[in-house]
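The letters A, B, C and D name the chains in turn, as written, and every chain counts its residues from 1.
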Amino acid sequence: MTGTVTTGAPRTVSRGGALAAEAARFAALGWMRGTSGNLSVVTGRDPLRLLVTASGLDKGELGARDVVPVDAEGRAVPGAGAAGKPSAEAALHARVVRLTGAGAVVHVHTVASVAMGRRRPGGIVFRDLEMLKGIGRSAHDEEVVLPVIGNSQDMRVLGDRLEEALNPLVPGVVVAGHGLYTWGADLGEARRHTEVVEWLLELELAEERGR
Amino acid sequence: MTGTVTTGAPRTVSRGGALAAEAARFAALGWMRGTSGNLSVVTGRDPLRLLVTASGLDKGELGARDVVPVDAEGRAVPGAGAAGKPSAEAALHARVVRLTGAGAVVHVHTVASVAMGRRRPGGIVFRDLEMLKGIGRSAHDEEVVLPVIGNSQDMRVLGDRLEEALNPLVPGVVVAGHGLYTWGADLGEARRHTEVVEWLLELELAEERGR
Amino acid sequence: MTGTVTTGAPRTVSRGGALAAEAARFAALGWMRGTSGNLSVVTGRDPLRLLVTASGLDKGELGARDVVPVDAEGRAVPGAGAAGKPSAEAALHARVVRLTGAGAVVHVHTVASVAMGRRRPGGIVFRDLEMLKGIGRSAHDEEVVLPVIGNSQDMRVLGDRLEEALNPLVPGVVVAGHGLYTWGADLGEARRHTEVVEWLLELELAEERGR
Amino acid sequence: MTGTVTTGAPRTVSRGGALAAEAARFAALGWMRGTSGNLSVVTGRDPLRLLVTASGLDKGELGARDVVPVDAEGRAVPGAGAAGKPSAEAALHARVVRLTGAGAVVHVHTVASVAMGRRRPGGIVFRDLEMLKGIGRSAHDEEVVLPVIGNSQDMRVLGDRLEEALNPLVPGVVVAGHGLYTWGADLGEARRHTEVVEWLLELELAEERGR
């Protein structure tokens, strides 16, 4: 059982509390309106296990138990300590983890990501911005492309598109007409990446309006 | 007396506390500025009874007793436990409940709803947006029309317009030059629908500015 | 001494606490950035006495004593219980009170008021908006003009312009390149009027951007 | 040891607490997203010593010890009481202090500063705005230029550009593609200057969109 932490309820709940607090923080920014979006954290690698926020609840009011342990396909793991129904998107969270090795995934519905995804269906280009350092890129003379992929209700199709479009240098993807996926080594890095990418999108949207 | 809950003050007050807390939440988002807007919840079906937030008070500072029990016409029910004057719009809340079977109604004054209502007097069309799932519509290949109706101070006229324009697939209506009505089976669903519709309106307004 | 309340420190401080709390509320909305703006409340009519927030302090961090009693010309009243320096604009608060009979005056620096004042130097016209009822106007078929006056550092000049431009039907004036003055019978009504006028200005600015 | 305050841990920590609280305030405004930006306060003049917020941490969650004492070149001072790694930008904070005599420096990443810096690479001109008094300028008939300098990762190059572009009448500089530097005699004045300059930039951006 070494390497997994989902066998004991207390530890699940404690990680659940961290996920709930992080969700409340994003909800307060207005990025998870109408119960939208979901967050996950990896709790074991072999086999792959994630805790994902439960579906259908206000993301500003989750409790430590409003999380669901899921496997590498995003299916609920029977018998684990926490309750709730995983979102269908849990499968995409697991896919992101398998593709990138991330330890945490953030999915939010921001106006800027959807507005910019509609304007740049082929990908959103950023360059010469100090903020790019926050996702590990250069602040000078480097063209950084945030991929935009088409939306789908089939998580396999969506996952294939994400895999194909993935920019190994950028920890995020915009899903057109839908929202933003970002990730990081842990919840802290995933938060930083989310804030940086959203800031970049808000800047581009402000630029766009002035053109 | 079975089926109604307005006869005993404690239960009225307790539901009043929930309404007040919900109003404070919307007020904090800036959607109830200048004491505008009102919220209601159904407390009995036969005869129809609603609790509606009192008129003329700051919606961020309501107490559990700042609600008014009203009947199917939106008239204050004499002798019930809570105080305050119902807004004239209480009649429209009751009409929405009779038309849709909703258990809770939210009316807010948002800039995006009035700005988009002015731009699209014939109704606001959304399509291919994941967020549409939050009001029970499809995220793909479905044209979803949020009705826009003309404003009136005559609640019968306004109610007739709402009845005529009502889209049975969409739990909301924009009143031109006025604001947004949304509803749901209970306060939680009404909140979700409100947040989803407002998000859609903010997105369209952002799109509009870039055109 | 009847009719004045500035002779006893406790009552001054208590009204000061209400002013400080109200200022903190407006500051949290971002309308009093960089210590800008000031609020006042009438404490006596004969002779005229107002309490005005002190100059140069962060409006989100005022204490109950960070207010100054002033006379009908906006000069500090010697010997009264509260400390601090009145803003030069205290004279304009007093002038507004003398002109309108208001019991409280709010002056804030909002981006929307300055942006719209620059676009409409002859006055900002609103019509057919439910929100107009919040300042006592009709929601239909009435043209409501919010005056815009030129800025000045001479409070007599500014007061003369305000007196000349004053619309007796509208409890507010935009000072070009400066900000917004609003007033009401008491602090509660002044808050409501401020929120309503700012909402109207934000709507017009949103409309303007889409043109 | 007279004249320095970095030798004793308690005093360092207490000033650290003030820096952390100030950073949390700016973070809550959304101006320090993704751990960006940094704040400093002068703790000694001879030799020059500053406390700078530590690099790589969420600026809304700093503790009193998440600050680093640095010297006139922005290098960490060994043996002092607080922990953490100084940002490379600490050298620019120290340079600003040497150039201007400031007692506190604020560096934030705001969307408005980067958007306006891109539009006005030669400097951003403001005039006839009351808010200019908040940075010590006139509200009438004075053209006030906020300098814009090119970004660089070499703090000597960036410091030279800042020195060359510095407007002695304006306590701030925009770094293109990067963010905003502002300063004041102490943390309070630096906060006021930051809020005033950011307000001016937000106004210009709003004006820009309407053109």
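As a convention for this text, a contact is a pair of C-beta atoms (placed from the backbone, for glycine too) under 8 Å apart; a residue touches a chain by one contact, two chains touch by 3 or more.
Not measured: the values here are computed from a predicted model.
Novice: If you walk touching chains, what's the least steps from chain A to chain C?
Specialist: Tracing touching chains, the least step count from chain A to chain C comes to 2.
Novice: Out of curiosity, which chains are bumping into both chain A and chain B?
Specialist: Both-contact set = empty.
Novice: Between chain D and chain C, is it the same set of residue numbers doing the touching on each side, over half shared, or a different set?
Specialist: different
Novice: Fitting on CA atoms only, what is the rotation between the copies chain A and chain D? Please report it in degrees, nearest 5.
Specialist: For the C-alpha superposition of chain A onto chain D, the angle is 90 degrees.
Novice: Which chain has its C-alpha centroid farthest away from the centroid of chain A?
Specialist: In terms of C-alpha centroids, the chain at the greatest distance from chain A is C.
Novice: Centroid of chain B to centroid of chain C, CA atoms only: how many Å?
Specialist: About 32 Å, centre to centre.
Novice: Which integer distance in Å separates the CA centroid of chain B from that of chain D?
Specialist: 45
Novice: Got the chain D residues that touch at least 2 other chains?
Specialist: Only 209 qualify.
Novice: Graph of touching chains, which shape: line, ring, star, complete, other?
Specialist: It is a ring, because the chains touch in a row that closes back on itself.
Novice: Any idea which chain A residues touch chain B in the complex?
Specialist: Touch list, chain A to chain B: 30, 33-36, 58, 109, 111-112, 114-115, 118-119, 151, 153, 175, 177-179, 205, 208-209, 211.
Novice: For chain D, which residues count as touching chain C in their complex?
Specialist: So the residues of chain D in touch with chain C come to 29, 128-131, 134, 139-140, 188, 191-193, 195-196, 198-199, 202-203, 206-207, 209-210.
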